[in-house]
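Heads up, the next two complexes both have subunit A, just with different partners, subunit B and then subunit C.
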Partner chain A sequence: MDLLGISLALFGAALATALAGIGSAIGIQVAGTSAAGVMTEDPDKFASCLILQALPGTQGIYGLLITFFVLNKLGLLGGGGAVAINWNQGLQIFAACMPVALVGWISAIHQGKTSAASIQMIAKKPEAMGKAIILPAMVETYAVLALLTSILMLMGVQV
Partner chain B sequence: MSYVYAVSRLRGMENHFLDASFFARLIDSPTLEDALKSLSETSYSRWLGGADGAFDRAIDEEMIDVCKELSQFVPDQELITIFKMPHDFHNVKVLLKSLFRVRGGDLEGRRHELLSRLGSIPLEELITALESEEYAFLPWNLGDIIKRCWLLWEQAKNPQHVELLLDHHLFASMLKLAESLDVPAVVAWVRNKIDAENLRSLVRLQRMNYTAMDGEPFFHFGGNLRPDDVARLLNEPVETWGNLLSHTDIGSAFEAMGDRSDLRAALSDVSRALDEHLIRVLESSKYATDAPEYILLFLLNKEAEAQALRIALVSVANDLDREFTRRLLSHVR
Partner chain C sequence: MGVTKLKKAELYYHKSVQEKVAEILQASGVCQLIESSGQEAPPSELEERLATSEEQLSHVRYLTRTLAGYYVDPVSSLDRVLGEKPIVSLSELEALAKQTDLSQAVDKVKERELSLNGLRMDMTQLRADEVTLLAMQAFPYPLSILTEGTQTVAGVSGTVKSDQLDSFKETLEPYDRDIELVVSQDFPKASTAQVAILYSRVIGPELLELLPRSGMTLMELSPSFKRTAKEELARVLSVQKETLTKEEQIADELRAIADEWMPTVQKLSDYWISLSNRYRAFCASDETGRTLRTLFWVPEESVASLQKEIEAVAPTTALFLSDPGPDDSPPSRLENGELIRPFNILTNLYSSPAYGQTDPTPLLAPFFFVFFGMSLGDAGYALVVGGAIALLFRKYRKIPAAVKDFILLFAFCTVSTLIYGIISGSFFGDFIDVFLKPLAPIKNLFVLVDPMKDPMQVLGISLLLGIIHLMFGLLIAAYDNIRTQNYLDALGDNISWFLLIVGLCLFGASVGGMVSEDVGLTGKIMSVIGTLLVFWYAGREKKGILSKIFSGLLALYGVTGYLGDILSYSRLLALGFGSAVIGMIINLLGGMSASIPYVGWLVAVIVIAGGHLFSILVNILGAFVHPLRLQYVEFFGKFYSGGGTPYTPLSLSREYVNIAQPAGEA
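This part shows the complex of A and B:
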């Protein structure tokens, strides 16, 4: 068995979850800090703040999804034994993980900042909740595009 | 605590600001009792009670409480200190003038009722320091300046010289503190504050027919405008000041003056325009989620609210012309 191939693939899968997860954690922290500030003055805004705080968390889920895809492709789920892949196939899987890992990491941080701004917006104008959700959701678009790219690339890799 | 938290919390606190419609209702109150009833529905209610005239104390208490609350979550306390510094210097002036009177033989000369509790130095400690001449714990090199104030007083017995020395030191200390904070907007605000003070002095000195040469010592260093340039305006006709200052941002405040020849009336308009300009300097932080200068902007807006409230209540208490009061408070948003 070519261990370099499977190592590269697993490294890519690990980065997909790790980088996107780190980004989400930072994004949620920024939005959560803002939510705590607003809720100190107005605890009734908990529901609105929670929705906005949760938005940067999706990138971490996308990263996990891609990791499952990779593990499934490698036959590491279900106990059936690993599929043999060469270093070239391993590198392809590694590359396929990168869109969700990198875009997920960066976009989650920026989505967190946008969510923080939206939370500050509903602190003053609670009636603008709809608009407040749309603004950070625009950042989400690029995380979704990265997820689709990673899925399509993974589907294209022959093992 | 982070600035994201602080700014978010302040945006929540801003919802308790009194708005233009409240002030309109307050001014239209037939009696002070009715006005205080309206005020009792606001955050000021905690401090109301006692005699009708106690509203002044309630306004002070609210301001002190807001500063205390902010100090619990603002990451850099110096931002609050920079706001409080003028109150500390005001207290030093009051205490020094009291001591000048007492040591001059007027044993009833202490005017401690004029002291502001909004300063950053605890009042009791400040009083003890000045009375006992133990200045070691005083910040911003105040001890040395107070010693110089005593020398000046002994030489000329002119309280104006003492005030001027303290004002020069106040602005120099504010600028030094702002520069140490490394927040460009706060430095810009202090520089504009110095300019604003110089321009207020300019109008006052013009009223007293000072020339550029006599007036120059009254202007402070550290602003965007050089003191000698401001002093030179004293030799120019008032109508040309707007044009001469048009290349500066702060010069727009003189548009409020127009071609009015009544300098006393113009001073209040210019003064208000300068206050608004100072708030505008910091308003760039209005849309930032984590701008440190937002703390200062919040405090200035709260101070403006307190000032407007005081004007409105004094007007109602003394049954002044409501239209005049409305004009005075036309800037309230």
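This part shows the complex of A and C:
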């Protein structure tokens, strides 16, 4: 069995969860700090603040999703034993993980900043909640596209 | 369907009945008062009443806010929002307000709040003293020698970084005869050492200048420290205890006050909010001698019953009705049937339509319905959410209309989720395939699309839905333009793009062999006509053939925008896929944990139940936000701009009690 192949694939899978997770953690922190500031003044805004804070969390989930996808493809889940892949296939899987890893990482941070700004917005104008949700969601679009790309690429890789 | 027709009402009434009239208008809950056009000051009586009610309201707010932490509300917050409220009449509340002196409660609470703040500040100081004294435990003499000194000896304390301690000692060597250095290393942070120096007053000034330079951070000791560090620490700890007891005592008193007052305060909260809203709105009335004139918007259908109610209490009024004029900006109330009404929320979240503009709610509702279903896309999740909603409706029979609509919105969307879950074979992810194998053939009977096996098929469906959605938006824009007689814009800006994109799609489909060549040819012709129209429309006001061609080409570049819009709908696949895969992961983890000896089944149940619950929450958020974005950005971008003022009629506040209609009281 060519171990380089499976190593590369696992490296990619690890990065998908790791980088996207890091991005989400930072994004949620940025939004959370802003939310805490608003809630010191107005504790009743907890629910809307929480929704806005949760928005940059999806990237981490997308990363996790891709990681499991890869693990499943490699047969590493459920104890059935790994499938044999060569280094070429491993590199392909690695490449397929990159969109979600990189875009997830960076977009979550920026989505967090947008969420933080939106939280400030609803602090002054609670009725603008709809708009406040849409602004961060605009950033997330690219994470969704990256997720889609990663999924389609992974499905295309033959193992 | 659409925006309710409003009448502009002009009501003249005698001052003696003003309270009654105001009560009727507010209780009816359908009148939105208009700012008066004249710049006159508001009627003075009203202004006074407004001031009184706002003062009372500020008492109510202060008490609610301050006592919140000390009051256990017997009504849970869910019951508060959804449940039935005690019915109280306005006159009962008025009597209650008269016999209640809120300022008395406010004084009581303020007094205790002040002493609490004082105690808390004391406590902060005591905690700091405790830390200092703990660090000084090694100091063998009474602390008064450091805080006061004697005639010849004084002292100073502070900290030195551990690694600088040796060099610090060296600097002090020349003064060896005049000082005594006490060092305790085990100061909480091992990196610093606590030092105290006793010195002869003769060298005082010199030494105090030298110490900070040689690495010592001086520390001011509280002048109250007299005895040894040990004794002082014991004193500080006992004072801390006393302070805490006092705090607890005051908290108990506040709890007692809260129990006594809060039920009344909550009732009065609704009363005073209602009254200050009423007077604030009526301040816009005009005053002429003994009569008042109030302008308001009222829905056409409510006019008759309102008129009857007013006449019943005040026969000498005059009500004049007119249609909104060109200078008016009436608010817009969305009026839709049972099935569409919950979707009003989505339109209002964006922006109400301007009065007279098309109400986009019925147009977006079916798309949101489908998109939400595809994004959540799991029959199991739909059943859980649907079940929860059913329970809510069983428990709470009289949910306020606004909240009910919001819940109904989700109830509707679970239907589409259930349908899509069934046709895509997703039930708690792949739960059936993993744990209920025998049922799999039944599930597979209904499967029409399988995003896991053939994602391209679902991607195609998503993009096709996107094209339909966008083209529908363009047609609405064209219709709006034709309705307002902007025929050129309709043709050049809307229909042209419609022809171009639909034509391209048909052409593409025929190349791909999905439709016959005749259809492909039609598509080709359509797109050519569309292109020419775009070209012509963009350049129609330009002079010179070159600039006409240039602006035409620039306009055609807009096709990339449409491409981006259409691709944006690929999120429908991604989100549905996301729910399915997360569900799969949870089942996998559950299956794996089942192999743990003895407790495996329990862990598996917890993992599966908790995991799916988490997945439901996360995916509902996604399934709400992303389809909404498709409405707001892609769909509304084609035809809708909003910009109306929402219809917010003057009404009674009903947060804690259900204030009954006053009509029967007269």
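Criterion: the second predicted complex is superposed on the first by the 159 of 159 C-alpha atoms of A that agree within 3 Å, B and C clash if a C-alpha of one lies under 4 Å from a C-alpha of the other, contacts with A are read in each partner's own complex, and residues count from 1 in each chain.
We adopt the following convention: a residue touches a chain if its C-beta (ideal position, glycine included) is under 8 Å from a C-beta of that chain, and two chains touch if they have at least 3 such contacts.
Values in this document were obtained by computation on a predicted structure and should not be read as measured data.
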Exercise. Which term applies to subunit B and subunit C once both are placed on subunit A by superposition, clash or fit?
Worked result: fit
For this session: Please state, to the nearest 10 degrees, the angle that the Cα centres of subunit B and subunit C subtend at the Cα centre of subunit A after superposition.
Result: 50
For this session: State whether A:Ala84 touches subunit B only (first), subunit C only (second), both chains, or neither.
Result: neither
Problem set entry | Which of subunit B and subunit C A:Thr58 touches, first, second, both or neither | second
Exercise. In the superposed arrangement, does A:Leu50 touch subunit B (first), subunit C (second), both or neither?
Worked result: neither
Exercise. Which partner does A:Leu148 contact after superposing on A: first (subunit B), second (subunit C), both, neither?
Worked result: second
For this session: Scan A:Lys131 for contacts with subunit B and subunit C and give back first, second, both or neither.
Result: second
For this session: Count the residues of subunit A touched by subunit B and by subunit C, then name the partner with the higher count.
Result: C
Problem set entry | Which superposed partner A:Ser34 touches (first subunit B, second subunit C, both, neither) | first
Exercise. A:Phe69 contacts which: subunit B (first), subunit C (second), both, neither?
Worked result: second
Seminar exercise, completed: Superposition result for subunit B with subunit C: lowest C-alpha separation, Å, rounded to 5
Exercise. Which residues of subunit C touch subunit A in the complex?
Worked result: 346, 348-350, 455-456, 459, 567-568, 570-571, 573-575, 577-578, 581-582, 584-585, 588, 591-592, 618, 621-622, 625-626, 628-629, 632-633
Exercise. What residues of subunit A sit close enough to touch subunit B in their complex?
Worked result: 30, 33-42, 113, 116-117, 119-120, 123-124
Problem set entry | subunit A to subunit C touching residues, read off their complex | 51, 54-55, 57-58, 61-62, 64-65, 68-69, 72, 77-78, 129-131, 133-134, 137-138, 140-141, 144-145, 147-148, 151-152, 155
Exercise. Can you list the subunit B residues touching subunit A in their complex?
Worked result: 2, 4-15, 73, 287, 289-290
